[in-house]
Every structure is written in structure tokens, then in C-alpha cells.
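In what comes next, chain A is part of two complexes: it sits with chain B in the first one and with chain C in the second one.
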Partner chain A sequence: MTGRIGMRMLGRLALNGAATLSMAYLLLPLFFVTWLAFFAQEIPSFPPDGYSLKWFRAVPGNDRFVSGFILSLQVASIATLLGISIGVPAAVCLVRMKFTGRELVSSLLLLPLVVPGIVLGIALYVFHVETEILTEIPILGSIGGLIAGHVLIVIPWTVRLVTASLVGMDRAIEEAAQSLGADRFTTFRRITLPSILPGMVAAAMFGFISSFGNLEMSLFLVGPGRTTLPIAILQYLEWKIDPTIAAVSVLQILFIGVAMLLTDRFVKISRVV
Partner chain B sequence: MARLQLTNVTKRYGEMKAVDDVSLDVANGEFLVLLGPSGCGKTTTLRTIAGFVEPTSGSVRLDGKDVTDLPPWKRNAGLVFQSYALFPHLTVSQNVAFGLEMRKIPKADMPARIAEALRLVRLDHLGERLPRQLSGGQQQRVALARALVFRPDILLLDEPLSNLDAKLRQDVRVEIRELQRKLGLTTVMVTHDQEEALTMADRLVVMSEGRIRQIGTQHDLYERPADRFVADFVGRSNFIDGTIEAPGRFRSGGGLEIACGEGRTGTATLALRPERVAVLGSDAAATDNRFEGRVEFLSYLGAAIDLHVRISHAERVIVQLPNRPENAPPKIGDAVNLGWNRETARVFQD
Partner chain C sequence: MALAKAAGQRDEDGRTSILSASTLVGPATIFVCAGLLLPLLILFRYSLNRFEPRRMMVEALSAENYLKFFSDPYYTGIFWTTLYVAGLCTVICLVLGLPLAYALARTQTRFKNILIVLVVLPLFVGNAVRAAGWMTLLGNKGFLNVTLMDLGIIDAPMQMMFTEGAVIVGIVAVNLPYMVLTLQSVIEGINRALEEAAFSLGAGPYEMTRRVLLPLALPGLLAGTILTFILGMNAYATPVLLGGPKFKMMGPLVFGQFQLNNWPFGAATAFILMSATLVLTATANILVQRRYRR
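Up next is the complex of A and B:
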């Protein structure tokens, strides 16, 4: 008897320990970055000489960070909109229709999530070069090319999350709507769409975050004088290691955190993901 | 309200015939039940009437009008699903309002119509709830109100009670039937539960393997089942296989000579309802058939007692006795005399 209780306590202890360790592993870097952003000295060292807000004040003064933030925001927003409008119909077709090659199309749409960003970047770069040579349309380094690349990041999130929402939905409710007099389009608008909305919002959220933070692929797609925020951070790091970087990161974390909280107020993302 | 006619409806999926040459004529205000085991084609038939299944051949007519090629949203059929299929993001009132909105009923008339429909199913106080805040029985009634509110020509019920617990189911059967009668609504219901079918139907259609085996009232099906399948599926039957040696003389596989009614000489099966076999006392009046047997098994069911009695090495029959204080049931191992008259057993021959 006592042996069994002892085992159970040991098990719980192990579980709690593992959970604490994992959480610490996830949160410690965030904690240190945030701490570092408030250090007074230029070269980070422990213990800090004192605390200051000057690095935060330096961020808005840095053109590269500001223009990078604006570009990242634009690219991520447009790419998210485009990705959702391509991904949702694709997911509906994949779930609702039976056609040959369905599995193949499904894997293809999820592929950008699996392929390393750097590979995707090189592939797109080569594709842009070849297309530009063939058609003489200036894609290489254009904002259009950059957005098109980022759409690839949003599509897999949309397909995956919206597919999950559709699969979890009772098909009979669509038939119920039709028996009540709603044609296919009205049924989709009034019944299907609200049911998959949490999945769509979650997809937009994750798509946006992935696009906003994307570095590897963007490196190949940006043109001269056009840098996204992650690239601006990387370039800054090549010359300096002062806590400005930490301050930028903290602002970025705050930005995404607030966006997630706001979204969650309207749609419970936690119910989908 | 309308008359529904199905004429030679067949639905093939590849080689498989889900519905095979089904013809039905449902009178205005009639409650018809499609009864059969799963996979018998009853649901496909219902979905054909609703417009979700396009028949390979045959036609569906509603009030004389051919609706075979009309999509579901143009058929004016109220449908209640097994899962109820309430819209999870809409309140009870909004669920009920949906059919009215689709029919462009003036906004001003809607509250009264919704209230009326909800009152019909006794849910007038729950209009603002979401479906997930309701019990299974309440959800079922919302589904019914939603299907009735736009005054459909026909009401279609797809196993509407199978998700309710046994006690509630008995009440709802009566409730739906009384409501249907009050509204005079032509209704087709699908079920695999024979008790449900017998309680609710004006007429029943027994189906198996896509075909209609028999159409008739409860009395027709029970007293004059068309074949062995119906005799087995509606109520219970003892089947005794053997041959008719001469008109009125049946020889069972176990060698018993049994007096029977109709039938030509040749292979045959006798079907015997358990409650129509009597356990005879020593002073009982003579019956056409009298066999001595031994009780091998006994089930005490409350209102009745089932005896499993071996009457030959090959035949064991179930006898149902009403549970009355004055007739003490035999015990396992007791010898009993069973008797029945020749017309009691139905004869099935190919």
C-alpha cells in the first residue's frame, strides 16, 4: 500500500519537475532579454552597473528599426489577408470534395511549414531571377515578391487550422440550413463561416506572427534600402551588441502579446489550437 | 401539408443499390415510418425525399408536383436530424428564425411566429439560450420547432429519438405524435427501433437491403407478416423449419408432426409468436397441436415471463406467459405441455 502511494508521489514529483524545467527553458531567454533591455551599460555584463530606459528611447530614433517595423507590418498584414483568402477555399475543397490527388495537394499546401526557411528563400530567389530574365518583369527584390513569399508562410497555417475546424464540424448543420431554405452560398456564409471563424482567426494570428518574425526567407527577397524588422535587427547586431537590440525585442514581444490578447477577447483561440 | 409520392425510386452507388425500386404513397396528414436494420436504405430514402440524394431513377412528387430535380432549399420540407444539427453559434430563437428569414417573412411577423413555434414544443422561456446550454431533450424540441415554424409541406424525422435516454424517449414519442396529429402534417420518420415505429406510425414500411419488404399498419405487419424477415423484425417469432408433407401436415426438422394452416407441399418455415403459444394444464381444452417439452431457460421480465422450452432435439421455442399471481411459472427442468391451433402459426414458403 505505502509503496503504491510512494510511487504515485514520486510520479507527481517527476511530472511537476519536468514541467517546471520545460517552462524555465522556454521563459528564461525572454526573461534575460527583458532584463538586459534595462541595463545601463553599453556592453552587457553581470552584474549590471545600473538601470536605464535610454535603449528604449533610442529605438524610435533609429530609422532602420522604424522603417523595418513599418515594412514588416505591411508585408505581414497583406500576406495574411492573401493567405487567408487562398487558404480557406483550399481547406474547404480539401475537406468537402473528393478528387484524385487530394492528399498530394494537401501535402503541397503544408510544405512551406516543413521546408527550412533558408531553402525556401533560395528557391524563391532563383525562381524570381529566372522569371525576371524570362519575362522582364522586375520581381527580384520587389515588395510584391516579398509579399508573395510571405503568403507561402500564411497558407499552411490557414489550411491546417481551417481544415481542423471543418473536420470537427457536424455536416448535418449545413444540411439543416439547406433544408430550411438556404442555398449553398448562404449556407456557407451564415453557417459554415461562423463555425470556422475561430480557426480562421487563429490562422491569421499565427500566419501574421510567422510572417512578421520571418528572417531566413526574407533575407533573399528584400531589395536595396528595403529591410524588414528582423533583418534590421540582424544588421544592427553585426556592428553593435548594445541593449538596443534587447529593447527592440521586448517591444516586438509586447506587440505580438497584445495582438494575441486582443484577438483572444473576440475569438477563443485556445479552443482551436 | 401535402401528399408525398415516390415512384420506382432507385439509388445506385456503383454496383450497390442503396435504394431498390421503392414506391410509396403517403396520404395528406399521414405518419409513415420507415423501419429496418442499419444499411437497409431507409435513411437514403428519406434523404431522397429531402433532396440531399439524387435518385438514379424514379421520381419524387410532393402534392402532385415533381420535385425530383429540386435542391433541398426549394422543397419546403422540415427536417429533424438524429444529431439535431442546431446552429451552435445562434440562440434558440435565432435557430428557429432561420427558416423564416430564408423565406423572407417580414421582420415584424417573426417574433410572433417564433414564439408560437417555441410554445408548441413548450420552450417559450428558453429563446435566448445557446444550444449547448440545453439538455438533449430540449435540443430535440428546438430542432422540431425549427422544422415546423415555416409551415413545411412535409415533416421528415431521421431517427429523432435515438439520442434520448429510454424514459424520455417514451414521452417524446407520444408528444411528437400528438403534435403531428394536431397540425395534420404529412410525416415520414426513419427508425430502427420497432417499438418506436409501432407507437408512432399510421403505417409502417419495413425495408431491408434497399427494398420494401412490406407496407401496412401495425396490425397487418404483426398478424400477417409478408415474409420471414418481417416476422422476425417486427415483434418476435419462433421459426420451425421443415416440410409440408400434405395439406395441413407439417413435419419439422426435429421430426414433430405439426398441424398447420395454408401452404402447399414442400419446404416451409412455421413462424409462431411467443405469446400465442399456451402452456396447457392437464384439464385444458384440446388444441390442434400439443407437445410435451422441458423448460431449459427462463427469463423473468416483470410484466411477462419467457420460457425456453425444448420440444424436440432440433426445436426449442420461446413461450411468453403473462405474469399473473394465479399462474405460478414453471421452473427450469420442469416438464410442460405446449399447445397452439393450426391458424396460429404462419407458413412461409419460397
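Up next is the complex of A and C:
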């Protein structure tokens, strides 16, 4: 008997050890990039000569990263707004209404998450080329084209998360509201909307963050002289690694971390991912 | 009155449901069709065209780009490397992900939410930023080499950056959160009493995992495995930054062909990558379901 309990305790110990190792592995790159950002010398060699904050102070003066950050922010905000406003009605419809081809539409709306980012980017690029030839609208490399691409990323997150919050909701509450005299709009506003709000907040967050961090697709859609923050980081790293890029990375980690913690106050992240 | 109104509404629902459904789901559907399906169709059409160095792309209807890919050992080599790296990374993710997912699903501490945020954060920080972390760790004067030399284990720095190993380490870190989150949500749905029952019937932790937990978690295992494999096949930033110019995978290859202005071949490569991924994941899905459904 003690042997078996001992085995269970041993098993628990092994489990927690392995889990801690995996967690450490996940956080290791973030830890090292943060460490590098505080180095005094420019070359990333260990042990550091000393520590300094000068790389952080230099970031606001770096045009490439600042303009990249602003562009990423603008694109992600607008794309999230647009994606939410067409994604939420679609999600409500997919859960609440029965129509032929529902499964097909549902998988179509989730498709942008499955298509590889590189392929998505190339496909949009050739699409823009063809559209420009056909209509002479200068869409290639335009900010509108970039945003349209990012809306494609926000839609599947919206559909997925809002659908999930609707499925968990008791339909009878809506029916009760309607039988008590509320019309469809009032029912939606007073009953449905409040209960899918956490799902919408989560969708907005996930949509925003995946748009903000999108790299592969954006590579093909940015015009000359225009870069998003992830592209600016990638291009710098292809050239060299130093505390400057590490400081930029740390600021991005902080930005996204704060966004996640703020969202976590509205809706528990552990319940939506 | 209210009853009559409700009845009227229901009547109306029946008649106008197709119309109202299409106004709700229509915009998103049209957007994805026009913004994704149509572009993919055009891309496929491009892959049947011919490339001529001076005239760039010439209209044609041939499979020569696909034949060129599969008859050139350089390209098939990249294809197999990609398959191998994606497969190996998926296996490592399973082994590393299961304990963490289980611990997260069963933990009762109030820090659970923080722990989940810590798993999701690296996911959202972006591949390039995480690659920067690995570069700091694995470089010739990086932490690992310097520490190993200080300890007297090696005399000269080992070449760790720009190797297959570095790429695998990087991709595993990128894909692990997806695996953990998928498994965690499935394990949370498994009734804990079943595990307790196994224990009280005399099973050890290993027996319980093998005979109770894993069969019940199979759908999640399958979903997580497929997702990780797809992400591994499509990796771009990690092989570019940690593998360097010499180590090639399919993602960077596709991008490179477009930079060389060879659109038809680039398009064909993109479709080979997508179809290989689709076929393999669909086959895995069918095989596993057949084996366990009896």
C-alpha cells in the first residue's frame, strides 16, 4: 500500500519536474533577449562588461522601429474593428440559425488560420497584381491592401471565440425574453450581446495581437519604404543581433504582455484559449 | 398580446431565415471568398505558367513547374528536410507538452491564470523576437558556449547557430504553446474521478496514463499533433534566422522564388507545400480514427 502511494508521489514529482522544464524552455528565449537588452557593450558576448539602460533610451530615436510600431498599431486596430464587425454577426448566425451549407461556411471562415502565412501572402500579392491590372486601382503595396489582408486573420479568431461563447449559452433565456414581449433587436441587445461580450473581447484581443505580430503575410503586402514592426525586427536580425534589437524586443514583449493582462481582467484567458 | 406577437415572430422567422442568415453571414463569407479563395485560385493558375528570364511570366498550361520540383534533388532535398524537421519537432512537442498540459489542467492554485498567460505570451510575442533570444543563447560567444568553456567541458566554441539543431530547438519553442493549450483544454474535460478510479484499482501513474488518460485525450492529442505539424511545415522566420542562408526549408524556399521573380515556380512550390501538409494530416486523421474507433 505504501509502495503504491509512494509511486503516486514519485509520479507527481516527475510530472511537476517535467512541466517546470517545459515551461522554462518556453520562457528561455524571452529571458535571454531581455538579458541582452541590458548589456553595456554592443557585442552579444558573455559575460557582459556591465549593464546599461542606454539601448532603451535610444529606441524612441530609431525611426525605423518607431514608424514600424505606429504602422503595426494602425493596421491592427483598423483590421480588428473591421474583422469584429463582420465576424460577430457571422458567428451569431452560424450558431443560431440552421441553413444548408452551414458547416461549409464555418470551415471557410476558419480557413485563413490554416493556410500558411507565406502562401497567404503570395496569394494576396498576385491577387493585388491582377486587380491592379484589371481595374487600375493602385492596391499593390497600399495600406488598404495590407489592412484587408489583416482582416482575413481577425475573422477566424472572431468566429471561433464568439461561436464558443454562444454555444455555452442557454437558448431558453432568449426565448423567454421573446415570449415576454421583447423584439429580436431588444433580445439581442439585452440578452445575447452581454453574454457574448467576453467572447468578443477575447476575439478583439487575439485578433489584434495576431495582426500586430503577423510577419509572413505582411512581408508581401507592405509597400516600398513601409514596414511593420515584426518585419523591421526580422530584417534587423537577418543582419545582426545586438542590444538595440533586444531592447526593441523587450518593449514588444511588454506591450503584448500588458495587452494580455488587461484582457485577462475582462475575460479569463485560461477559459478562452 | 405578447403571446400573439411571439407567435407572429416565429412565423416570420421561418419565412425570412434564409434572407436574414445571408445578411448576417454574408459579408464575412464574401470577404473570405474574395480575399482568400480567389487569390489562391489565381496563384494556382500562375503555377501552370512558364517562366522565362527576360519576359518573367509567360502564359501556359503545363505541369512543368511541378515536374521540375520533383525531378531536381536540390528541391526534393528541401522537401524531405522540411518533412523531417516538422515531424521531429512534433514528436518533441508531444513529449514536452503532455506533462505541462496535464499539470496546467489539474492544478488547483490561484496562479493557474498567470501560468496560462505565461504559456500564451511567447506565442504572441512573435517568432523573430524569440529567435533573437535563441541567438543570444546559441551564438559562438553566446551564453551556452561561454558557460561550457568556463566549465572546461569544451575548449573551443561549438557551432550551434545556423545548424539543423538550432532550427529544431527554435521551432519546438514556437509550436509548444499550441500543443500545450490544445492538450490542456482536452484534459480539463476528462473527469478526474476516472483517474482516481484507475489508481484505486491498483494502477500506477504510468498504467493510468497509458490506459486511461491517453485514450481519453486522443482527440486532443491528434488535434495538437496535426496543428504542430502544420506549423512546423510552414515555418518561415525560425529557419531563416536560426538556420541561416544554407539551411533551407519550404517556407523560405517559396519566399526566395518570389524574390527571384520566378512566380510560376514559386506558386507551384507553395501548392506542393500546402497539398503535402493537407494530405499528410488527413491521412494521419483517418489512420488514428480507424485504429481507435474499432
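In the analysis below, the second predicted complex is superposed on the first by the 262 of 273 C-alpha atoms of A that agree within 3 Å, B and C clash if a C-alpha of one lies under 4 Å from a C-alpha of the other, contacts with A are read in each partner's own complex, and residues count from 1 in each chain.
Note that in this section a contact is a pair of C-beta atoms (placed from the backbone, for glycine too) under 8 Å apart; a residue touches a chain by one contact, two chains touch by 3 or more.
What you see is a predicted model; the values in this text were computed from it and never measured.
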With both complexes superposed on chain A, which partner does A:A246 reach: first (chain B), second (chain C), both or neither? second
Partner, of chain C and chain B, that touches more residues belonging to chain A: C
With the two complexes superposed on chain A, say which partner A:I139 touches: chain B (first), chain C (second), both, or neither. neither
When the two structures are overlaid on chain A, which partner does A:D183 contact: first (chain B), second (chain C), both, or neither? both
Could you tell me if A:I191 is touching chain B, chain C, both of them or neither one (first, second, both, neither)? first
Mind working out whether A:I155 is in touch with chain B, chain C, both or neither, as first, second, both or neither? second
Looking at A:D170, would you say it contacts chain B, chain C, both, or neither? Reply first, second, both or neither. first
After the superposition on A, what does A:L27 contact: first (chain B), second (chain C), both or neither? second
With the two complexes superposed on chain A, say which partner A:D264 touches: chain B (first), chain C (second), both, or neither. second
On chain A, the footprints of chain B and chain C overlap at residues 178-181, 183
Within the complex, chain A is touched by chain B residues 50-52, 71-79, 81-83, 85-89, 98-99, 102-103, 143, 146-147, 150, 156
Considering only the defined contacts, which chain A positions touch chain B in the complex? 170, 172-173, 175-183, 186, 190-191, 194-195
In the complex formed with chain A, which residues of chain C make contact? 1-3, 5-6, 9, 17-18, 20-21, 23-25, 27-29, 31-33, 35-40, 42-43, 46, 96-97, 99-100, 102-104, 112-113, 115-122, 124-137, 139, 141-143, 146-147, 172-173, 176-177, 180-181, 185, 199, 202, 204-206, 230, 233-234, 236-237, 240-241, 251, 254-255, 258, 263, 266-267, 270, 273-274, 277
Residues on chain A engaged by chain C in the complex (per definition of touch): 4, 7-8, 10-12, 14-16, 18-19, 21-23, 25-33, 35-36, 43-47, 86-87, 89-90, 92-94, 97-99, 105, 108-109, 111-112, 114-120, 122-127, 130, 148-149, 151-152, 155, 159, 178-181, 183-184, 209-210, 213, 215-216, 219-220, 230, 233-234, 237-238, 241, 245-246, 249, 252-253, 256-257, 260-261, 264, 268-270, 273
